[in-house]
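Both of the next two complexes hold chain A, though its partner changes from chain B to chain C.
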Partner chain A sequence: MGSSIVQAIIDGVLTGGVYALMAAGLTLIFGVMDIINVAQGIFVILGAYLSYSLSVHAGIDPFLGLLITIPALFVVGIGVEWGFMRRLKEGDRTAMSILVTYAVSIVIEGVLNISFTVNYVQIHAWYVNRSVHLLGFYLPYIYVFGFVMAAVLLIALYALLYRTRFGASVRASLQDRTAARLVGIDVRRVSTISFGIGVAVTAAGGMVFGATNAFNASTSYDLISRLLAIVILGGLGSMGGALVAAVFMLVLEDVVAVAWSPIWATAVFFAALVVVLSIRPAGLFGRQVARAQ
Partner chain B sequence: MSARRESGGAASPDAPAVPLGGSGRRRAAIGTAWIAFAAALIVFPVVFSNPTVTTIGVFTLVYMTSATAWNGFAGFSGYVPLGHAVFFGVGGYTLALVALHLKMAGGYAMFALVPLGGVAAAVIAVPFGLIALRTRRHTFVVITIAVFFIVQLLAFNLGFTQGSSGVQIPTPLWTAATFNDRFYYAALIVLALAVLVVWGIRRSRFGLQLLAIRDDEDRARGLGVKVQRVKLVGFVLSGVTVGMAGGIYAFFVGQVYPQFAFDPLFDVTVALMAFFGGLGTISGPLLGALLLEPIQQYLTLQYSVGSLYLIIYGALFLVVILAMPRGVIPTAGEYLQMRRARRVERADGRSPAATPSVEVAPLGRASR
Partner chain C sequence: MTSPSAERPGQSRAASGVLLSLDGVVAGYGGGDVLKGVTFDVHEGGITCIVGPNGAGKSTLLAAVSGILRPRLGSISFRGENLVGSSPRAILGRGIVQVPQNHSLFREMSVRENVEMGAFLVRDRRVVAERLEHITSLFPIVAQRARDKAGSLSGGQQRLVEFARCLMLDPALVVLDEPSMGLDPKTLRSMFETVRLMHADGRTILLVEQNARAGLRLATHGVVLENGRVRLTGTGREVLEHPEIGALYLGGAVAPEPARS
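What follows is the complex of A and B.
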């Protein structure tokens, strides 16, 4: 029992890293643009399907395929931002963004259902069903590789945000759009690129998700509710918060699944969110908003 | 911030620019339109007795009720809950489980259980609201989604809900030709109730308090509005109505399953309908549901295998949101107002009362 709980914690940390990456994209988009991107779930699935097609039809290794799928989703993100998000008016922006991204997501869901049917698929590679035996614990290769990849990408994202001029303008827009505009930052351009980056990371997350789970287009509902829960728990707009919340939630879920029952693991996942938010309405690391209007 | 205006009687007092006769005429026209609309809904199943059509009719009425009730809370308070399927499902399950345990045969008595679904929804709505309404904006939205998923999981896994196999509801032994009509009129009664409730809220002190919360919650509290209580009452009223709609829906469909009674699509669909027609108006959600639900049903029937309907539905929605971000009813209202203003301007070109047009015009672009 004790060792199986440790195993569950290890699994939770490893998968939590991948969720952290996907959630980081979502929270980046929210922070910069004040937009909740409900389509993030379907973008993950889109990324998974792209990796799946590349590996099935062209025989490209999923990790290598990321060199194609990440730029592809970056372009999709830019397109969605340019086509829809920037046409929303200030004011009702947040509420409208939920509707618009939801509409985008059902269009993509329809396209995916037609292109790939609704049968569940899973990405296969030599490392998907093998694990390494370490100190009495099993570490599936895909979890380890996925975690390392997520860590690398998160560090890259961190470096981009905190070590470059572009990152400085993103952070400025994150703090205050109007003030950022006043000091000469092209907030629109920053928004577009941030949206692109926020969507692009789902390609990597989606690849690992698709290799560890059987999925179809409607899996995106489950994904987006989890991602939203993570992002809100961490505090909207807080990268570090998303990271901590992702690992916390996934570890909690895996431990509950082992110690109690897998049936209730997901319920505990959402119950934890409700409990935390009843105590801290702004999330773990969210900025307390004095006047939320 | 200007309160979002509403098409209807409430519009006339703050539009002094329109000549008095015109205002009265307008009110009469709107009253006539409502009566005609109600009459059309009443005679609909008599004229179109095809069961396929009346089936769509029942679904449409259920969604009109739900969208109206959703808007009664969301449109007036500014909070956007995406978990109303909880109430819908609870209403359905209440009807199914009570019928099961009382060993009821299908019949008119079943309709008596519909209000019971509303009561059960209220029992759920109170703790739900107490937790969720402590938060605002995005956090509120996500909490309602989280509660929704918890309740759906409970329905899947608790013993008395019979898990994923769901609960069967006895089918009444009514003749096929008029089978749907009874459901249709029951749904129509619930819809009338919902519209009356929302209309009452809109015209009451309570409604003004909700609107004050929408415009600036902290200031409303400062002015003495008991914000938590007002929000909770609004939330529960909305939940009760949706619960009754859910009861009728379940009885009509004849069974409840966790994934259909607690459907994430329902959460979003009612919100889409309210936004589509015009948030915070009374006619908007009615129109939204009246247009969208039949389209959705038709597209589902037409392209039953493929997912083409998802694409068409989503694309249609994108176009409408981008072209009319405030919904059909407010946009149409503005358009009419602008035309009237121009007409008044032209007619009064030589009279001294030419100024009104100046006052009317800003109302036309009262967007925020």
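What follows is the complex of A and C.
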């Protein structure tokens, strides 16, 4: 029992890293633009299908394929921002963004259902069903590779935000859009690129998700509810919060599944959200005051 | 000389020429014109203080100068070049910076980072470093609290850091929108002292001030705005001592003093 719980914790941390990456994109978009991107779930699935197609039809390794799918999703994100998001008025942007991104999500879901049917598929590669045996625990290669990739991309994202001029302009826009404009930051451009980046990371998350789960377009609903729970738990707009919350939630879920029953795992996931929010209404790392916008 | 790429911050400028000129500016927010033909000049090297009752159009005027609001009619020229239609960013690039009424620091960033953000448009790191050094000498708080989050400072301290930040662009014209807002009397004095310091450092200042008496005392030029029109212009002292103005605005609504004759 003890070792199976440790195994569950290891699994939770490894998959939590990948969820952290997907959630980081979602929270970045909210932080900069006050937009709740409900389409993040379907973008993950779109990324998974892209990797799947490249692997099945062109024989491209899913990790190598990220060189194509990440830029592709970045372009999709830019397109959605340009086509819809920037047309939302500042005052009621958050509420409207939920409706608009939901609509975008439904359209993409329809296109995916037509293109790939509703049959479940899964991404295959040599490392998907193999594990490395370490100190008595089994570490599936795909979890390890996925975790390392997520860590590398999160570090890259951190470096972009905290070590570059563009990153400074993103952080400034995240904290106060008006003040950012006053120092000469082109907030609109920053928003577009941030949206692109927030969506682009789903390509990487989607690839690992699609290799560890059988999926179809409707899987996006389960995904988005988890991702939203993670970013709300972490505190909307907080990257570090998303990271901690993702690992916490996935570990919790895996431990409950082993120690208690898989049936309760998902329920506990959302119960944890309710409990934390009743103590800290702005989430673990959220600003405890209302946004001053 | 005073563009953001200028090498040396803060040299004193001649107190004669016209830096900014408004001519017949008509502007508003859709619900009718707030400014109904505003004409006045801001003289280089001076402190121009705009006073007037609430709703006179003071904030609208500043929005038009900084490019946030495009005037419907009239012209705004800076060193003889038309500004109407330029983006806020382009206007900033010409050396007109604005410190808004509400606190505008990036709360989660350190004081030093905040000040450095003021030079966002300046790409030459050497220039940024030089200016930072100069500004730190003017505003000791920038060095003392360099690593503290801006959100942890008091209201008055935040105001000073905002001033420091706006100087990082080596602006020709500093526009201050009611800097005394929300400050206690003691902090207020040191804030006005700092405005004087910025002026001594060679900046032309355009100030909107609710605290009309303090603002006009500080100013070389005064502009009284009323109902979207300029009611009176003159030196700060002239406006301050004008009988009607004194009774209307400076005595306050509580106990208007009888006009001196």
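For this structure, a couple of remarks:
The rule is short, and it goes like this: the second predicted complex is superposed on the first by the 289 of 293 C-alpha atoms of A that agree within 3 Å, B and C clash if a C-alpha of one lies under 4 Å from a C-alpha of the other, contacts with A are read in each partner's own complex, and residues count from 1 in each chain.
The rule is simple: contacts are C-beta pairs under 8 Å (C-beta built on N, C-alpha and C of every residue); 3 or more make two chains touch, one makes a residue touch a chain.
Computed from a predicted structure; not experimentally measured.
By the document's definition of touching, neither partner reaches A:Arg189: not chain B, not chain C.
Judged by the touch definition given at the top, the superposed model places A:Ala95 against chain B, while chain C stays out of reach. Contacts of A:Ile263 after superposition on the shared chain: chain B is touched, whereas chain C is not.
In the superposed pair of complexes, A:Arg86 makes contact with neither chain B nor chain C.
Of the two partners chain B and chain C, more residues of chain A are touched by B. Look at A:Asn113: by the touch rule set out above, it reaches chain B but stays clear of chain C. In the superposed model, A:Arg130 lies in contact with neither chain B nor chain C. Common to the chain B and chain C contact sets on chain A is no residue at all. Across the complex, chain A is touched by residues 88-89, 92-93, 97-98, 100, 104-109, 113, 117-118, 120-121, 165, 169 of chain C. Against chain A, in their complex, chain B makes its touches with residues 80, 82, 131, 134-139, 141-143, 145-147, 149-150, 153-154, 156-157, 215-218, 264, 268, 271-272, 275, 306-311, 313-315, 317-318, 321-322, 325-326, 367-368.
Considering their complex, residues 30, 36, 84, 87-89, 91-92, 94-96, 98-100, 102-107, 109-111, 113-114, 118, 217, 221, 225, 228-229, 231-232, 236, 263-264, 266-267, 270-271, 273-274, 277-278, 281-283, 291-293 of chain A touch chain B.
Note for the complex: chain A touches chain C at residues 165, 168-169, 171-172, 175-176, 178-186.
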